[in-house]
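Dropping a structure here in structure tokens format, bear with me for questions.
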Amino acid sequence: MPTLHIVRQSAFNTNDFAQCLQVLRNGDVIVFIDDGCYNLHHKLINTVDSNAKIQLNVMEKHAQARAIIINKSLYTAINMNTLVELTMTTSRVITWQ
Amino acid sequence: MPTLHIVRQSAFNTNDFAQCLQVLRNGDVIVFIDDGCYNLHHKLINTVDSNAKIQLNVMEKHAQARAIIINKSLYTAINMNTLVELTMTTSRVITWQ
Amino acid sequence: MKKLAVVITTPPYSNLSATALDYVETALNSGVEVIGVFFYQDGVILANQQVQIASDEFQCIAHWEMLHQTFNLPLHLCITAAEKRGLSDEQPNNIHSIFTISGLGELVELANKADRMVQF
Amino acid sequence: MKKLAVVITTPPYSNLSATALDYVETALNSGVEVIGVFFYQDGVILANQQVQIASDEFQCIAHWEMLHQTFNLPLHLCITAAEKRGLSDEQPNNIHSIFTISGLGELVELANKADRMVQF
Amino acid sequence: MSHNLQKLTAILNSKAPYSNSAGKDALDIALIFGSFEQPTSLFFQGDGVYQLTQAQNGSIIDVKDYLKTFAAFEFYDIENIYVCQRSLKERGLPSYFHIDQVQVLTTDEFAAKLAIHHTVFRF
Amino acid sequence: MSHNLQKLTAILNSKAPYSNSAGKDALDIALIFGSFEQPTSLFFQGDGVYQLTQAQNGSIIDVKDYLKTFAAFEFYDIENIYVCQRSLKERGLPSYFHIDQVQVLTTDEFAAKLAIHHTVFRF
């Protein structure tokens, strides 16, 4: 029953991503889109428990527009089709904006 | 040449107050209004250098509406007339919203 | 086929609403049944016919119109949120005709019928 | 007497704009010369005549109208920001008559003439 | 209207009550879902917990005090009201509120409760 | 129009460029002040520093790329462009930018520069 978390805000600017991290559960899926892509380089990302099997995805074109480099060993770069699929294959969606 | 800093956002929610603190100079004046009143109980307030003679003011009715208790040994409770006066007696105003 | 409903709360002059449009269009093109898009909060400003966006900027509304027509996509406007922002169904040339005037009851309906509800 | 100018960027359906109104009214009542209020960003929505606020909620616009009339207070509407949000000076019943249609040049003028410029 | 009583809706409140209209917009949704007899839970996290603080008074700052309407939740059968303990602690807030039936949950409990809902709106 | 060349205006940018229209709204003000020959300085702090990042491309996400207009600052005699070093460091950003003439300042220098201006707009 994983939750899809769509993260749209920069953690450098607002508390939204920190709140998202508080409700993360094993097997949940995160997708960073819009200004959420800045979180790839925020220290909060290091607090994600590596044993919790959280999938970390980034909307590739949103990162690219912002000249944000995606470390592909940590993040999966996805497109909008994959986000639509993830919406349907997870059990619920929370948008952090 | 003190600056008047009008702080309108909760530091629990956004980075604005942290940015305000970065540009504080000796003798500056802070007024917490609107959701800025929540900052009275945020730990960032402790980073204000007590030697820098920063005046800390709170819009009393804004705090009261939110049931925020004002520690009057630390903060001066002011009304809107005082905010207008401070606008004129300081050298510039920055609104953090 | 799974049913999707979308709530849009971000204003048309922000790129956030272009993302929402991109998402809905991608869903429709990939065969997902989008049972409705509900505009709430600042999302309602999109429905204002008088909105003027510089011609060299992205024309969000024209794109929504195309989706509405191509896929028969229902676009629901929350009238309470709209009235707070100066839209009126009693004035001419005000609310764009591709929108259905709705209340929050429609959101209940969408939440009930959809397999998944996503907020943008 | 010192001259004050105010820029308002917050929307009328937020209490932040009530604070702005309170500030301007207090300044006027205490004898400060308010040379103008400039509405920008979401602040422009206040000028939309079609905005409907429930009758038991605070009627911001009625209060601004009173200040405008009592103190001859200039209220400048940034037309570019307004057009992005669906206001139009070419439509009837659209922009409230207490506002002057202005451009950002007016903000330069206000910044020049005022002893102090405050943003709300 | 098709009813599906198994479909649970959560409304997650993250904004303080007055400077932002999000709290009121979320309340309107909660009451509509309640009036259509949809099972609906309310969650308060981050600055959203300020919506539950006792002794607030919006009338001082010209806000029509929508927080008072929270007293109607029982009438609408909205009985699952959860607040994040960590958010309260971070803000130095007590665990008593202006309405009854508020359950204070640890982050794990809060996350687990949220995860039983089919739809989550966040304001 | 009455000119007072001594009156200095600062525009303090605090928002990232795309999801929020604040950067564009601030740019419009900067260019108008510039065209009226008002001495105007630009400050970038917090997420505002992302407006200066090299190699961005808004066209990928359907944004008309107003950042390109930054190249016109010189033409408008907007030559004082300051960025907060601490904000850059916190975000792991380098000290090179898509326009010239950007001065990287320590927090103390940044604060001191801001304090010579008569009017400060923050977006």
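Think of it as A, B, C, D, E and F in the order they're written, each chain with its own count starting at 1.
Heads up, the rule we're going with is that a contact is a pair of C-beta atoms (placed from the backbone, for glycine too) under 8 Å apart; a residue touches a chain by one contact, two chains touch by 3 or more.
The shown structure was predicted, so the numbers you read here are calculated from the model rather than taken from an experiment.
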Shared touching chains for chain D and chain E?
B, C
Among the other chains, which touch chain B and chain F together?
A, D
Steps needed, at minimum, to get from chain E to chain F via touching chains?
2
Report, in degrees rounded to the nearest 5, the angle of the rotation taking chain A onto chain B when the C-alpha atoms are fitted.
180
Find the chain most remote from chain D, comparing centres computed as mean CA coordinates.
A
Could you see whether A-C or C-F has the larger number of C-beta contact pairs?
A-C
Specify, for the interface formed by the sequence copies chain C and chain D, whether it is same or different in terms of residue numbers shared by both sides, with half as the dividing line.
same
Going by average Cα coordinates, which chain is farthest removed from chain B?
C
Find the geometric centre of each of chain B and chain D from their Cα atoms only, then give the gap between the two centres in Å, rounded to an integer.
24
Averaging only over C-alpha atoms, locate the centres of chain C and chain D and give their separation in whole Å.
29
Could you list the positions in chain F whose residues touch two or more of the other chains?
18-21, 46-47, 58, 61, 63, 119, 122
Chain B, residues touching no fewer than two other chains:
8, 12-13, 15, 34, 62, 92-93, 95, 97
At least two partner chains per residue is the criterion; list those residues in chain D.
13, 15-16, 19, 22, 117, 119
Each pair of chains that touches, named by its two labels:
A-B, A-C, A-E, A-F, B-D, B-E, B-F, C-D, C-E, C-F, D-E, D-F
Applying the document's contact rule, which stretches of chain E touch chain B when the two form their complex?
15-20, 46-47, 50, 53-61, 63, 90-92
Can you tell me which positions in chain E touch chain A when the two form their complex?
12, 14, 45-47, 84, 86, 107, 110-112, 114-115, 117-120, 122
Chain C residues within the chain F interface of the complex:
13-16, 18-19, 22, 54, 56-58
Would you pull the chain F residues touching chain D in the complex into a rising list?
1-4, 7, 9, 21-22, 25, 28-29, 32-33, 36, 38, 119, 121-122
Within their complex, chain A touches chain E through residues 1, 3, 15-16, 19, 22-25, 91-97
